[in-house]
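Report on one structure; see the data block that follows.
Just so it is clear, A, B and C label the chains in written order, and each chain counts residues from 1 on its own.
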Amino acid sequence: MALLEIQNLTKSFYGIPAVDHLNLSIERGEVTGLIGPNGSGKTTIFNCITRHLESDEGVILFKGKDITHTAPYRLALSGLTRTFQTIRVFSELTVLENLLVALQQHQEDSVISRLLRSPSIRKFERVAREKADEALEFVELTYVRDLKAGHLSYGQRKLLALASCFVFEPDIILLDEPTAAVNPTMINKIKEHIRILNQKGITFFIIEHNMEFIMDLARRIIVLEQGQKIAEGEPRDIQTNEMVLEAYFGR
Amino acid sequence: MDIFILHLINGITLGAMYALVATGLSVVFGVLRMVNFAHGDLFMLSGYLLVFLYVEKGVPYGLAVVFTVAGMVLVGFLFERIVIRPVVHRTWRIQLIATLAASIVLTNLAILIWGTTPRQAPTILSQNVFRVASVNISYQRILLLVVAVVSFLLLTWFVQKTRTGKAMRAISQNREASVVYGLDIHGISSITFGIGSGFAALAASIITPLYSVEPTVGAMVMMKALAAVILGGLGHVRGTIYAAVLLGITEALFAGYVSYPFRDAAAFIVLIFVLLLRPQGIFGRKVSI
Amino acid sequence: MGKKLLLPLLVIILLGMPLIVRLPYFLHILILSAMYVAYALSYDISAGHLGSVSLAHPAFFGTGAYVTGILAPMFGTPFWANFLLAAALVMILAFIMAQPAFRLADISFAIVTLGLAVSLQLVAQNWVELTRGPMCINNIPAVSLFSKGSSVLLSSLQGYYYLFLLVNIVVIVIYRLVTTGRIGRTFTAIRNDEILSATQGINVLRYKQLAFLIGAALAGGVGSIWAHYMTVVCPDYLGLSYTLNLLIIVFIGGVTNYRGIIVTAVVLTIVPEVLRVAPSIRLILYGILLFLAIVLMPEGLAGLVDSVRRRLRKSTSELQSAAAENQSASDSNDATPFSE
């Protein structure tokens, strides 16, 4: 059974299909790249999966369950999360709190115990802190741990956004252009992080324009054009595929 | 049957009144993407301006209406410059608070200047009735209907055919692109606001002779207009007009057959039920991120 | 050092106030400002911390007052029972109102809450059998600790002053409990970015409703005590003018900043009374102040104090300056509670 499966997904804007009867599936443990020219519908697919957009047609299965109409927060709780093209962080919370607030949603505490600060909460909080510190160490953000996230540089925000996704150990993370507007050193860092996280068992589905990056990282690439899948395969097959070259460079 | 027709006619004129007020709100929302919570106060100021011109200065009614509308268009320009422009790019919360603040100031200025006693401005038209079968309709109400229809036609013509109107539509569809194409956004905003304020003035000049004007008169009219704007789909002018008429008729029938004291709640009951079914309003399109 | 002394000093001043302020009128003003502190804080939980700027808050205060106004004369129940009952019933009311209102975003939410509040005010005005309509409910008994018979100690002006101090302590404690720690952190996350919150597993709607209900319940409780104090409840308790007062206090004081709100509530209530300004002139000035506050400093007066303090600190120590200041300059438009 595939971890994430998309069947016959269709989404149109003003009658123009952005995603057109698309099928794809992602196995557990994979790193899959999603590439295609601008406007080919990549982010729309992500938005339909995480239900930031309501799809017109089609079914999306996650761990075998139909999640087509599941609220985004429930998806996160069941192990599917994402980053955004324009980086989002909680600007008024510190870097540490950004991770804590994500972590605590996945702990089984009640509102009442949170209000009353019961001892169990303190235990939960300690566990969360340990995990958060570990994650910060991993992405090398420990030195800005107590800084408000709104004061971070762009690259730091990008790392924080990644950290607040993997910190609660989801099954799959959808990354929307993780290398956009990032310097080469940082790109290599991000690549390394993804690799290690993948080895730890997190599945990745990545939209990317940086070919070198994605061809190096992904085991499988899906190529999209005008909302349709035009090719799928291992990186080196994709690099030599006629249709792909045509889609990108126009014959 | 006669009673029913009477209620219906009342409802339609009420609807026309709400529509005139709501159109101003809706046009402004369409172009500026914001709700002006001081719109009711512009309506109230217009009422006082009419009373000043027509009752105190003895200007003939027709001319007083023209001056009121012209004067309020200028006030609209001024209002846009002082209150709207500083918040037009801010969040809805800041816009809400800023325009409510403006409303507080205008309402209390009116109390300071004119006191709280209602002022009236009866006209020959409002004092004479037109009889159809056994139903009496004052000529002022007929004037209201005529003015509403004519002004909507004029507005449609303006938005569809003139350069400024086309620019308004362009901005409402895509603000960023409009900047790129070199449209004078500030200028268009001013004009839009002038139109909105002018519609409020038109409504007030025709309605004040039927009722009266006091500093808080704008609040309830404004709330009905807001209900119409939301019901019609934010920024959807035609939808707003239909919704306003619908609310007017509902209110009149509610007042006639269900409960007169609770008539003011009718609009909100309709609003809430419709929104439970269609959160984007009757005519609005669902907006996503 | 100075900070440690501040709290005991404040407690002494607050407790000793009725000994210094002898004139009943001034004591009344103090009680009024204490009421506004609790009322405004109850509003800030939802409107400030979660950004759900509802215009229905006085409906909760007013309903709480009516619940007590109607039931207390009938049953002669003690004030704390009325307080709890008003809070509980208002919470149910808020839950019902939240169902349609929270389906809507942004400005539509504000407008629908306004509509609900107006409808409720119409009920208060027109359901004469229950509320006596515009004639108001009079002769609400003074507070009593136990059923039957009011205790003289509590129902004196001084008694009410201490009672409102107590109410304030209750409100501030609950306010702090929900706006700090795990829940407060989640509130901030939602206020900063709802979409991101959802992708991290936060049930945004549930938290927004939670804040709305808690704020409503507190307002209902405050309204209940206020009804006892005033001995009269009128339909205008539910009216728009109260909403405007709340907006003035909360947004000038600074959303999410409870100290700023407390100071603003007290100052804005006391100053015009002392200076004997006509209500309309006062509201004109406050309206202008509110406008300037929201446009120029969305973080409120407290935010202004903070930024002045930050600037002073910067002039003494250059350490954190460059980077942080650059960032905060470019962020100041995005990162303030009220920009997104």
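Quick note on the criterion: a residue touches a chain if its C-beta (ideal position, glycine included) is under 8 Å from a C-beta of that chain, and two chains touch if they have at least 3 such contacts.
On a predicted model such as this, the values are computed, not experimentally measured, just so you know.
J.: Please list the single chain whose C-alpha centre lies closest to the global protein C-alpha centre.
T.: Located nearest the centre of all protein C-alpha atoms is chain C.
J.: If I average the CA coordinates per chain, which chain comes out farthest from subunit C?
T.: Following the centroid criterion, the farthest chain would be A.
J.: How big is the gap, in whole Å, between where the Cα atoms of subunit A centre and where those of subunit C centre?
T.: Between these chains, centre-to-centre, one finds 40 Å.
J.: Distance from the CA centroid of subunit A to that of subunit B, rounded to the nearest Å?
T.: Subunit A and subunit B have C-alpha centres separated by 47 Å.
J.: From the mean C-alpha coordinate of subunit B to that of subunit C, what's the distance rounded to whole Å?
T.: Taking the mean C-alpha position of each chain, the two centres sit 32 Å apart.
J.: Two or more other chains in contact with one residue: find those residues in subunit B.
T.: 289
J.: What positions in subunit C touch 2 or more of the other chains?
T.: Only 195 qualify.
J.: Touching two or more other chains, which residues of subunit A qualify?
T.: Expected reply: 52.
J.: Where on subunit A does subunit C make contact in their complex?
T.: Going by the criterion above, the answer is residues 50, 52, 71-73, 75-77, 81-82, 84, 88-93, 97-98, 100-102, 104-106, 109, 111, 114-117, 121, 125, 148, 150-153, 164-165, 168.
J.: Please name which positions on subunit B make contact with subunit C in the complex.
T.: Within the complex, subunit B touches subunit C at residues 34-35, 83, 86-87, 90-98, 100-105, 107-109, 111-112, 219-220, 223, 226-227, 230, 234, 259, 261-262, 264-265, 267-269, 271-272, 275-276, 279, 289.
J.: For subunit C, which residues count as touching subunit B in their complex?
T.: 51, 53, 100, 103-104, 106-108, 110-112, 114-116, 118-119, 122-123, 125-126, 195, 240, 244, 247-248, 251, 278-281, 283-284, 286-288, 290-291, 294-295, 298, 338-340
J.: Please give the residue numbers of subunit C that touch subunit A in the complex, ascending.
T.: Contact set of subunit C toward subunit A: 177-178, 181-183, 185-186, 188-189, 191-193, 195-204, 210, 324, 327-328, 331, 334-335, 337.
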